[in-house]
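Okay, so chain A shows up in both of these, paired with chain B first and chain C after.
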Partner chain A sequence: MNSLKSLETTFIEAFDKDLGLLPSDTADVWTASRRQAIRSFADAGFPKRKSEAYKYTPVTKWMSEPPALQSSKPVSALHLPFSALEGVHLKTVNGQLSSPPDHLPTGLTISTLRAALETHPELVRGHLDRLSSGSAGDAFSTLAAAFAPDGLFIHVAKGTVLDAPIYIHHASVSPDALVQPRMLVTAAENSEAFVVEHLPETGAGAVFENRIVDVNVARRARLRHLVVYERGSQARFVNSLHAHQLDESVFSTNNITLGGALVRNNLHVVPDGEHCETHLNGLYIAQGGSHVDNHTLVDHVKPNCFSNELFKGIVEGGSTGVFNGKVMVRQDAQKINAYQSSKSIVLDDTSHVYAKPELEIYADDVRCSHGATTGELDDDALFYLRSRGIPPRQARVILLEAFARDVVELIPLDEVRTYLNTRIGELLAD
Partner chain B sequence: MLDIKNLHASIEEDGTPILKGLNLSVKPGEVHAIMGPNGSGKSTLASVLAGRDGYEVTEGSVSFEGHDLLEMEADERAREGLFLAFQYPVELPGVSMSNFLKHAVNSTREHQGKDPLSATDFLALMRENAALVDLDPALKARSVNEGFSGGEKKRNEIFQLAMLSPRLAILDETDSGLDIDALRVVSAGVNKLRQPDRSFVVITHYQRLLEYIVPDVVHVLLDGRIVQSGGKELAIDLEEKGYDWLREETGVPA
Partner chain C sequence: MSTEYLQEVADADYKYGFVTEIESDKAAIGLDESTVRYISAKKKEPEWLLEWRLKALDHFLGLLEKNEKPEWAHLAIRDIDFQSISYYSAPKKKPQLDSLDEVDPQLIDTFNKLGIPLMEQKRLAGVAVDVVMDSVSVTTTFKKELREKGIIFCSFGEAVQEHPELVRKYLGSVVPRTDNFYAALNSAVFSDGSFCYIPKGVRCPMELSTYFRINEAGTGQFERTLIIADEGSYVSYLEGCTAPMRDENQLHAAVVEIIAHEEAEVKYSTIQNWYPGSADGRGGVYNFVTKRGICEGRGSKISWTQLETGSAITWKYPSVILKGDDSVGEFYSVAFTKGHQQADTGTKMIHIGKNTTSTIISKGISGGQSQNAYRGLVKINRGAKGARNFSQCDSMLLGDRCGAHTFPYLEINNPTAQVEHEATTSKVGEDQIFYCQQRGISETDAIKLIVNGFCKEILAKLPMEFAVEARNLLAIELEGSVG
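Up next is the complex of A and B:
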């Protein structure tokens, strides 16, 4: 077991050793920003043992086997079930854009972040500054900001409505490496897009992905986001998403976690405009001693907004699920409707769920509700199925699939839903 | 078909005895009615026969088509041809009627060494049986029992009965919650399902149902035992006189 301090030192030294040699030319905004990020990381350090936010998922747990900072060979082609679906398809290798599509719909820009620094400096600069200063996100985010050699940039221009999704296949990763990707998605005024990310099964190997996804949704833009995480049973994943919304925009993110040993979804949305609509959803299946932690924050700073949150989890086989969902309604944010619901099923005595919904309300004219339930499979329902001749294992799968369905049904893509329902059925039948 | 001998069963949790030496024998093709006051153990009998957890059989035996019923798991009993129409059907949110029935029908078929039904045959079977109890076709597209009215739930039980073609069907107060027209429809459905090799145990509080589904034998269950059996006239007697005279005769306290 490594102490936090020595882990921090490991990262800082690794940065200095490999990246300290980067040009000191301050005109290189990217490099300067990375240097700033490692300084912020050094100042703040990893969340401490007593940190409330990491109470159920201590950092030492993540780092009990420190990942290799040097990436070896990426694993070869993973199965990409969505690759034939209609839409724009991107692939990443170790988090870096590998094959930019040659034909893009008008109004859609896809490039590396460094390239975007030249083409869309006004959009990228803010993103770099926020993260490297440590003012957004926790130590994992600043760490990723320091180490990411480059990033992915997706921009949907003003008024552009994309009919088909943008699929990002995180297709290849080094089996034992720490991969720290970053991504920026900006949807300009009145644009509409759907970004689907898939992190497919990697088999053995303790790949550790620590990533940052930044999202800006401009006035009247509508952005949908789906993440399907299916990495192998030793994989680790810190998924830090920061979304910023302006007036009358709609943003939804749905996070489906079906794999991994340790997963932490940090989902942080700021509806920073009036009449915004925000949907935060998630489904996780934690099996075989895995640990899945969903940490969400909706920070209502402006009035007349709506937010809704639904997280569901199925936990078994010595696994742990955590849901910590906070809804903050600031003093000026009147007439907010904010709803949150977390439901989990714990299938055996060796598994646990910690659910902590939090409402922090400083405005007086708001409608908020939250509910968290944790339970077992309903015995009456199981008996009803069995009384019709259905064997217990099958009955169990039918009920669990039904439980998960609410979240899967929210995905407006038939093929993706079908794929997920099948995968969920397979996972639960095993 | 069904042979229950000296059945004693108690609540597993606290050991409270509910069934206290119950005897019942049902031959193929027969319809037996069981009546009895609230809390006398009718649903407990149905639960014990269907294999619900939470009850402990402390004495006695149950043989079903020559097998020891009590040795079988609940789902095995169903696949062997035992069906229980629930007094309180369970809602299964998110489980579609068709998915549910497909699993149910095919589990039994597999057990009988038959191939699963093709999609077309299955749909045809659904259509035919839904018509039998006049089940609104829209209900087939919904989640099992979710948001069904009381009467719709009861129809749905008989619809499932028809889908599964059991050897023995136990109907636990299928008539309660049905309006007069629905009672007629559901009874007619049950009557159509009567066959020389299919038996019914009909639990009810009302003689009215037995005018539609005419029983071969009527039993009175009182305090965990069958204390009186007779023809369908017995039901009429009970309707008039209640249960007190039987309590007095058998020495069961009210």
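Up next is the complex of A and C:
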């Protein structure tokens, strides 16, 4: 408890020192927002020991070794499996846009957030206000909002339909340091886009990335989102995604976690319009003592919406998997269909799975359900494969791959699917 | 339309709201060491029990001082002033009763009004009843017949006097006095309750039943039930409760402990019908209950069945610790809330032994402006090889101003465990109502039929006598909230 308190103080003091480098002009919206964010952080503090939201992932676990705030070291060449695929490719270093692409399809804007403050002030202002006020998101979000020097801005203009995905390759060059990136993706009316984010292994050791992704999906827009996390076995990652949807929009996010020592996905979607469709999917493979926590909230505030969630996990080698998903249906948000499913496989008795699938319903004309299962591999299925001459090890891998494939199959990109299936096969065969 | 009918169901009156004028002994208002000493002296308790109580009091006051009330439940609880309650109230005329004929006729009348005709039941030889009014056990029927079998069924106070070795051995062994805020309070000030011991290999020939009633104003009821089923025995235990209508909130904090030894089986059924408060949310009983059983021996079984229709606030999680290998835990629940009632109820199944099995089936029905939450934990410990759990939690909403919530916790630490949980939330289907109406069934009856069908699985688990009462109760409850 005390150590958390002192950690909070460290951050606040570091911010004050850091702020000395920023222009003190209060008319600067960006700086003012960052100042506001650190105040919100100071007010709320890190989630306490008894916090329900962090019940199975105590913050002290994240912060047992406080990360350095700055550090930089060159890293080895990155392996970027998606770089040859058709689409727009962006690279970020520590969350900052490193090389803006020279050619962009019409209707697509990519810039830094500070630059976008000039070009799309109303969009960026909303994003800044939401985060700095601390009313949405927890201490990790406000902390990132305070420290991120700049961010990434992606805007798909009204009516623009992008044929190919936008790939973002995130590099991290600060071993053992705390990196706090932020990103805003906005899809305007009737637009359509697919954002694929890849966080490969970069050899950056125990890097701690605490990031914010804000998504706005306007009326009748369709936005797909995929995150593939493959950082090294010491890396830590807090991924706070907040999506806001308007009437008749479709939003889907798929979070594939294949690496890291500690991963927390905070996925928070508000379908704030009628006839919205929302999909939240995820797959994680937790090995070698790692800890993966998927925390989701679908907050139905308007009637006539549909949402579906599927999370699957394989846990082994003293690892822990957590799924805490909540479906909330507010008063008068009638005719909601909301489904949620969480399935996990535990492979040995040193590993743990904690599931907390919740429903909080305040409207009567709804259909909501959730299901959660945890178990080991089906003996009958193993026997079936073995009776056909498949050795036990291989039979096990076949079954696990099949289990994982349910989530991978939802990705509408052949090359990405193939890559992931191969990677999953490698991880499980080890 | 159906919604109007449902609205009306939500406004039904409480049938058991009368007050009986019975003279009583009350402890002075407030809680400190002297209160506990007063209760203990009244009950002529041995020194060790007084000490046990005082330790619990110390713990409770410590928690109270740090304001460590449990706040995690989905409940809005008005601040309770624990110093403004009288912690002991007993009907004054309390002679040692040998037969029912000696019971205060006023009391008999009270229980007749409640639909528990003690005399009649005596004749029918159906159920042995222990009646607890305010804090004190008033009468126990069928004692003689039970004694022949070696079964001990008496008030807790009597058990302390007559079987101190059993009480001392088991009291607090399942729910320790420091277990939680309300259990600590109960441990300090519990007044009476039921005690039951089934010896080795005995199958209890009749249902054992306790009826609880809060009568006196400004009092709390803190009873404690202890059930011990020795090797290979079987008992089915029923519990019912009512309270008069009063404007202020009354506090009820009970503890139930069950110990099932090897191959023993205990079936515990509750119909909880404390006063739920008026239609606009005034008064009603605050029901904070800790119920827990331990399957101590191999192959033992504990089964909880509950119908929760009363109380302004229900905070109750009947649990089973599955310690013995091959032991079985079950939880079947129907929780019905209407008006301004709030319920946060569920269970905990803690799997410790090998090849242990648990089943949870919970049905929540909410109407009016009520909030009804299921909260349950399934925990598979590392050594619980081959553990199996199935949970199903369904909620039904009868209006658009109420809430139905599900908060399950699944903690799995063994790879061989199989845990499944499912939950659904929906309203009474318009197509179902239409189907019934088409066949000449009125809308009101159709809704009753559908709600009854929704709960059937659970009601079927209740012992016969209770099942009828439960069905009637549910119908009466619906009467006011659908209509």
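Rule of thumb we're sticking to: the second predicted complex is superposed on the first by the 421 of 430 C-alpha atoms of A that agree within 3 Å, B and C clash if a C-alpha of one lies under 4 Å from a C-alpha of the other, contacts with A are read in each partner's own complex, and residues count from 1 in each chain.
Basically, a residue touches a chain if its C-beta (ideal position, glycine included) is under 8 Å from a C-beta of that chain, and two chains touch if they have at least 3 such contacts.
Treat the numbers as computed from the prediction; the structure is a model and nothing was measured.
Participant: Quick one: is A:E52 in contact with chain B, with chain C, with both, or with neither? Answer first, second, both or neither.
Facilitator: Second partner only, chain C.
Participant: Any idea whether chain B or chain C touches more of chain A?
Facilitator: Per-residue touch count on chain A favours C.
Participant: Of the partners chain B and chain C, which touch A:F147 in the superposed model: first, second, both, neither?
Facilitator: Once the two structures are laid over each other on A, A:F147 reaches no partner at all.
Participant: Thinking of the overlay built on chain A, is A:Q334 touched by chain B (first), by chain C (second), by both, or by neither?
Facilitator: In the superposition, A:Q334 contacts chain C only.
Participant: Could you tell me if A:Y384 is touching chain B, chain C, both of them or neither one (first, second, both, neither)?
Facilitator: The answer is first: A:Y384 touches chain B but not chain C.
Participant: Classify the contacts of A:T373 with the two partner chains as first (chain B alone), second (chain C alone), both, or neither.
Facilitator: So A:T373 only meets chain C here.
Participant: Give one of first, second, both or neither to describe whether A:Y229 is in contact with chain B, with chain C, with both, or with none.
Facilitator: The answer is neither, since A:Y229 touches no partner chain.
Participant: One more residue to check, A:K356. First (chain B), second (chain C), both or neither?
Facilitator: second
Participant: I'd like to know which partner A:L399 touches here: chain B for first, chain C for second, both or neither.
Facilitator: first
Participant: So which bits of chain A does chain B touch that chain C touches too?
Facilitator: none
Participant: Mind listing the chain B positions that touch chain A in their complex?
Facilitator: 50-53, 73-75, 78-79, 83-84, 86, 89-90, 92-95, 99-100, 103-104, 107-108, 111, 143, 160, 164
Participant: Within their complex, state which residues of chain A touch chain C.
Facilitator: 52, 331-332, 334, 344, 346-349, 351-376
Participant: Which stretch or stretches of chain C touch chain A in the complex?
Facilitator: For this pair, the touching residues of chain C are 72, 74, 382, 395, 397-427.
Participant: What residues of chain A sit close enough to touch chain B in their complex?
Facilitator: Per the stated touch rule, the residues are 378-381, 383-392, 394-395, 398-399, 401-403, 405-406.
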